[in-house]
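Here's a structure for you.
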Amino acid sequence: MEMKRENHKGKALNLLRSRVCDPKFAFKALYNSPESNYSKLKFMISSSVTEACNNSILLLGPRGSGKISVLELVIRDLLDEYPDSISVIRLSGLLHGDDISAFKEIARQLCMEHQLLFSKSASFDDNSQFMVAMLKECGLAHKTVIFVLDEFDLFAQGKQRLLYSLLDAMQSVTSQAVVVGISCRLDADQLLEKRVRSRFSHRKLLFMPPSMEDSQSLLVHMLTIPVDSSFPRDYAIEFNRKVQNIVEDKRFKETFSNYLNFDSSVKHLLKFLFCAISHMDLKTGFLSLENFKTAFSSINRQPKLECLRNSSILELYILVCMKRLEVKEKSFCNFNSVMKEYKSIHDSFQTSDYYDRNVCLRAFEHLINRELICFADNRGHSLSVEYRPVKLLISSAELNQGLRAYHSCPAILQKLMDREG
Amino acid sequence: MDKEEEAPQIPRRTRRSSTSSWASTSNDVSSVKVNSLEPQTINDLLVGGEPVSLDDLLSNFPGRNSQIREIVHLLGPLNTPMLPLFVYGGASTGKTSIILQLFRHLNRPLVYSSCRTCYNPRILFESILNQLHLHRRSAANGYSNAKRCERPSDFVNFLREALTNAINNLKEKSEKLMSSKTMRGGIGNMIYLVFDNFQLVREWDKSSTILPLLFNLYDMLKMPEVGLIFISNSSPDTFYSNMGYVEPIPVYFPDYVEADIRKILLRNQANPKLYSSFLDVSLRPFFRITRQINELSTAFKPLYEKYCEPLSDKSIVPNEDMKRRLFSHIMLHVSSSLNEIFKVSSLPLSKVESSKETTQKGTPRKLEHCEEVAKLDFHMSTSAKYLLISAFLASRNPATLDASLFDSKGGSDNRKRKRKPSEKVPEKKESLEEELLMKGPGSFPLERLLAIFQCIVSVADDPSDEEEQNGFGLGVEGACGDLMSDVLLQLSSLCNAKFIFKGRSCPIEGSTRYRSSISEDLALKVARSLKFPLSSYLYKRT
Amino acid sequence: MAPSSSPIVTDSLDPSTPTETLDNDLQPFFVLHKPSSRRKDRSSTGQGKQRKRNELSSPQNTKKQEGSVNEECDYHLFKPLQIEAFNSVWSRIESTIKDVLRDLNSSAFKDIQRWILECFNAARLHGEPNITEATRSFPILSNATPGQLSAALVITRNIEFVDDILTFEELGHFLKSHGCHVAKLSSVDFSMKNGIAGCLKALLREFPLGEIDSADISILASWYREQDNNNKPLVLIISDLERCCGSVLTEFVLMLSEWVVKLPVILIIGVATTVDALRNALPSCALQCLCSSKFMIGTPDERMDTIVEAVLVKHSTTFNIGHKVALFLRNYFINQDGTLTSFIRALKLACLLHFSMEPVSLIHGHMLAEDQKDWISALSPEILLKYMDEFPSYDRSQIASQAGKSIAQGLSDLITEKKLWSTAVLCLCEAGKYSKVRLLDLFCEVLNPDLYPHRDSVCHIRNEKDQGLSSTNGHSQQYSSVQTGGLIRQIVRKVRDLPTGALGQLIKRWEKLTADISEIHDKLKTFQSSVRCEDRRSPRKSSKDISKRYGSKASLDADNELTMLNLQAVAFIDCLVRNYMRPIECMPFHEISCFKNVEKLQVVLIGDPRRRIQADLLDSHKILRCSCCNKTGNALLPSRQDSSILYSLAQEHGDLINLHDWFQSFRTILHQTNKRKPKSKQSPQPKKRKDTAGSGDQNEASIQARFCRAVTEMQITGLLRMPSKRRPDFVQRVAFGL
């Protein structure tokens, strides 16, 4: 009995996690309305499949707004509808940005699609000709080839030969192909050369992050577990009720809102959910407000302040010295000038922490590793570290805050900073 | 010897059949001598070692409770998918070891690759693929890789294929386990890719393409059975590339606080009581300087020996007054070793005339310091010395003052001339010192160096002759005529010794500029060894 | 002994072979240092004939005489013999040098090897990972703090890296022979250009791993764990730290430290200057991965002294150098490039020149190869006699020995005398060790012939004074006496104030040194005996003069005992100096084995190309002895070579030359041609410009062309720098070397 409870809690957790990790689930829920991108896209592609015509579409939108997922959904459905009249070629600008590997990849996938033998040694021209030939073949066989070009803007770098020959082939050869470009750059079509753009039909789908309400309903949708045989009925109901309570709670509302404020994309939301879910307590087997709080705190961090909290007292001294130099409008500072400042501080205040140059240099290198400071230029490697100009990577406000937060921070440092104002 | 003909076929076989065949043969192979290579099984992706409980883990890593628990939560129970993690924190905060120990505890397969050992994309790719193919490089296969892949596109294809094989392999295994009701559930179907020292990838020359690739790997593969873990020294915000990507979930390892460090240092000590009393004295001052555990431990090792010196047996539990005595004994050592960051021990058996341990700077005690300054402890030819000094002067003094320092022919009468700069100093000093601090040693063309060199030599001739204890013309040839003869050779050897840096181009073309990088006290040493009045040619600096 | 049938072969081959080996060892030497000396060396080994010729032109009359003598007797008899002699002598010297250097380093090597073993065992103590663990991609789990790389800093204390190449190679061989895997990397492997990949490739190349396309340290790890490679320590020698690229080295060290448990590499880093070099090269994060300990190997000075002792003092019978040469070599070592390599090279040159110039040098060539007869047969005694007569030292020796000795007699005397001399020098040097006198300086001093006479005379005065052993004026004397020789004086003074213990040791060492030279040994003995009886006889007197010397009356007995002994020692030294330290150049027949011709050596050794070029440009007419210039001396004639005209014109400018002015003056000079056309016409030289023929219609264009070409030539020779963007109308003189 107890054992069973345990593992259906585990099952619940597992279910939620797999939901979160699979974006399709979320977007399916998000885009089931008729006027959504999903239906538009599906209409476009399916029409070009049925009417056996060529087409090219751009899916634009910020990262994590579900461009690919929606496309995947569409393709999946279409594959169900027209099982043997669609073949999909997937490329990513990250991997196939250069034309050679792009054509090679296309050839490879075409071969896999049609059970042909793919030769690694095939040259660039072989591959491109092969592609054109295959397009023609597919056209004759009334088979639509869908080219999915992820990171479309990266294909637009360089000579754009891939795009050109692809679109050109689509125009000249009796083929039926759909080119779907996906990019997070809204100006992606501006990047195209003229010869390419002229051949590109400017269908664009804009993907927008969901509104607050949508995301909240999405959250509810994702967190509610089905009330059916899969879970004990009472447990499921209880679970969903708790979720509802949490969502109603206004403390949660504000956490949620100021989480989504700086990035309201769905992926971001999923991240949040993932953290929250993974903190779910398996003893009780229910989500709690705490989970969301911890998730919130663990996701959006303030790295600079953390670094400040990590740094030793000596490193703080050096930072303060640099800040003082900065305030004094020194053109740029390097280790030597910092040391001068450090010494002057020591002379005027007789601090207990006055250490040897080497030790300070080591602390200085620590700061560089922590990326609280960095070299101002990449030139002059011949110079030793202490001469290379450096600049501070944190604002004085951050530094102030950090010093306040730092327990056992020497009073003198705060005084110095306050003096700077 | 069956390895020889078996080895080449390894890559060609499909994963499944090979492992099954190996699994069958493995037990009799294992009877061969220990360091013969048994073929790997999927179990080799496990960290292995005897299982550890979570509580041991928590006790092994003081001050890391929350982090460990968080990671456990994020990894989730067996066979649950997860989003990529980004574990970051300063140096030596236990990131890597905790991750590995956790996997040892969870007993799940992982593919680990450190971006330091794999210093370029190709090696990274190939090492990952090797592990997934359970391929071990050995003399038998000529240390070859399972797959040869340089392009990211190939990598992703290979990776997908290898992962699917491995995962199927795992699935079978777990099914077997399910059928045979063994406790401590199997190793699951998930495979975790761990990238350590990830911050180094930013310095790779292809980083602009590799970083997004690795960050997007999860979305690209679309395999829920794959978990990605990035371990990095620097926070995620330092990874922003021009094109951005969805950030992985951050897990933060803060530096240890004093109490934790204390626990860690005490962890495996012969005599914890004594050591803790030692830490009472020494930890706090050091902690103000650095919070990195490894630096602290290296600093404490010799210091603790010092601390124990007065004690007859190291195993006694110190009482109060003994602590007091030890305290008074250690105090000065602490203060001295606070300021040394790198020590070179010279073995007693090697007969070295120098002091027992030389620290970076001259040791604080007076007498040693002065005598250290006094003598130059390596050999240079006289002309090299003069050249070095002139380079130092050229770097140190602004070119505008050469005229006043040395008259054109470098005649003997700049005894009075060299007063000039010290008069000039007051109004100029501030600005000069500023820009000197800023720019470091100035650079100079070859001609200027040689001009100064000639002057110096001609000036310093007569003194240098007197200094030769044997007045029998041994030093007569020290005249500039001979010193001048092969200056360029001296220059080259000085450049090799990193005393003088030189810009890239040929010296005849002349566009090269040089810069001397030696410290002032080294220059003074050299000058003293020549009895050359260097200080009178320098700006008096406060 | 080579038959005279194949003289050319022996001539061409034999000398070259030792140089070959020497050169191979020291390739970088030529990269860094002047190729000229090598070339000269080659040529001088190469053909003896040419040497003879320039010898003819050499001013010294003695040389000229013997040169003439040389002309008379045929080379084909001599050269092979000379070469033969040179080879035998030099090979002997070379081998001694090698041995000496080796045992100089041996102790340090042993220390290093012991240290390596300690590190190795310490590493093994922590437990060996088995091969499966070691070939894993992830580090081995352990609660211990990360292990450090153990690194030995071998400090050579010599910024000239050349001498140490050999040292590190020998170290490598030594360690290999003592059971280590040794890999040697040098700074070229740590270049910015190739980065970490380059140095890993180089590292893997050191091991038998076959062909590897992507260098990766895990390969090395799995190799090390395979087939029992791991029962030997794995040593990695980085021979020159200073020249390595810091960032690459840092990466390398970090990588190694990441693998240190699986792959316990032991680093040996050669540091030329000081430990600080390491600190400057590496950032702190890399530094604290190293657990370093340092070893010293002999400084160049020590090595130099050992070489001088072994070659020039101990084996003074085989080959020797005159005072001037010694002085030159010393200054060359101290002032120019302080490398032993060049010193040895110079020595070799001297040896070679000696054998090629001094026909009688053959004699001692066979004096050490003790087979007289075929040599005597080779060159007839009367020829020998001829040379002997020409020796300036011969007649002196006549005087020295009233009854004219036979040559053989003289030679044997010479040898014995030299033996005595070298022992004496060694004794002095022993004493000198207390006052830090370097043998090289001492050597130069005792060779000085001008010091010898009055040193001698003073000793005479001192001698009868000493009968009474009145130490006071003995000392006053001594001061006056040693006024002359700076170092000897120092030594004597030092010995006078030596504490008893040290003195005892000194005398012991003297005994050891003089053991086989009975003559000096007996002296020593008598002194010691006399000491004993002395202080037994008169404590009072000595105590008095002690009180005279030192104001204090403290602890008389000790003092007096001490002083008596010291006085004896001083007296002994005096007697050494007086009797046995006759500079070699004052010995009869010294020409046989002693090389004195500094100028030639200087020319051969320091080819000073830059100065030569400039000098020659200034007076080109001296080289191409054309009639026109011969008459007018230094005046600038149009017939002169353009570049030389331009250069001498450039003398009038500062080191910034206005092109226009320069061209104008050049043009004016050329236009003199039209006035003195006939002169330049009948100038016989083929060297003359072709255009002198058509110089009538010589137009501006050609002049400009010639100007440009001349300027370009000067730029190529590195005398000019082309105009910069800032001052397009000025060229700059690269003025140094003169």
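Chains here go by letter, A, B and C, matching the order in which they are written, and residues are numbered from 1 within each.
Please note the rule applied: a contact is a pair of C-beta atoms (placed from the backbone, for glycine too) under 8 Å apart; a residue touches a chain by one contact, two chains touch by 3 or more.
The chain list, named the UniProt way, goes like this: A = Origin of replication complex subunit 4; B = Origin of replication complex subunit 5-like; C = Origin of replication complex subunit 3.
This is a predicted model, so every value here is computed, not measured.
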For this session: Taking all protein C-alpha atoms shown, work out their mean, then name the chain whose own C-alpha mean is nearest to it.
Result: B
For this session: Quick one: point me to the chain whose Cα centre is farthest from that of subunit B.
Result: C
For this session: Determine the centre-to-centre distance between subunit A and subunit B, using the mean Cα coordinates as centres, and give it in whole Å.
Result: 32
Seminar exercise, completed: Cα centroid separation, subunit A vs subunit C, in Å, comes to 67
Problem set entry | CA centroid of subunit B to CA centroid of subunit C, Å | 39
Seminar exercise, completed: subunit B touches at least 2 other chains through residues 91, 295, 341-342, 360
For this session: Could you check subunit A for residues that touch two or more other chains and list them?
Result: 358, 362, 366, 369, 384
Exercise. Of all residues in subunit C, which are in touch with two or more distinct other chains?
Worked result: 279-280, 284-285
Problem set entry | Complex contacts: residues of subunit B adjacent to subunit C | 34-38, 44, 47, 49, 60, 91-92, 96-97, 100-101, 104, 110-114, 116-120, 122-123, 126-127, 131, 136-139, 142-143, 145, 148, 194, 196, 267-268, 293-295, 297-298, 341-342, 344-347, 349-354, 358, 360, 377-384, 446-447, 450-451, 454, 469-475, 477-478, 482-487, 489-490, 492-494, 496-499, 508-510
Exercise. Which residues of subunit C touch subunit A in the complex?
Worked result: 247, 279-280, 283-285
Seminar exercise, completed: The answer for subunit A against subunit C in the complex is residues 358, 361-362, 365-366, 369, 381, 384-385
For this session: Using the touch definition up top, name the residues of subunit C that touch subunit B in the complex.
Result: 32-34, 107-108, 111, 114-115, 130-132, 135-139, 141, 143-146, 148, 153, 155-161, 196-197, 209-214, 216-219, 222-223, 225-228, 240, 242-243, 251, 254-255, 258-259, 272-281, 284-285, 287-288, 291-296, 299-301, 327-328, 330-331, 333-338, 441, 444-445, 448, 451, 486-487, 490, 606, 608, 611, 655, 718, 721, 732, 734-737
Exercise. Any idea which subunit A residues touch subunit B in the complex?
Worked result: 10, 13-14, 17-18, 20-22, 63-64, 68, 92, 94-97, 101, 104-105, 108, 151, 154, 184, 267-268, 270-271, 274-275, 278-279, 282, 298-299, 301, 303, 306-307, 309-314, 331-332, 334, 336-337, 340, 353, 355-359, 362-363, 366, 369-371, 382-384, 386-387, 389
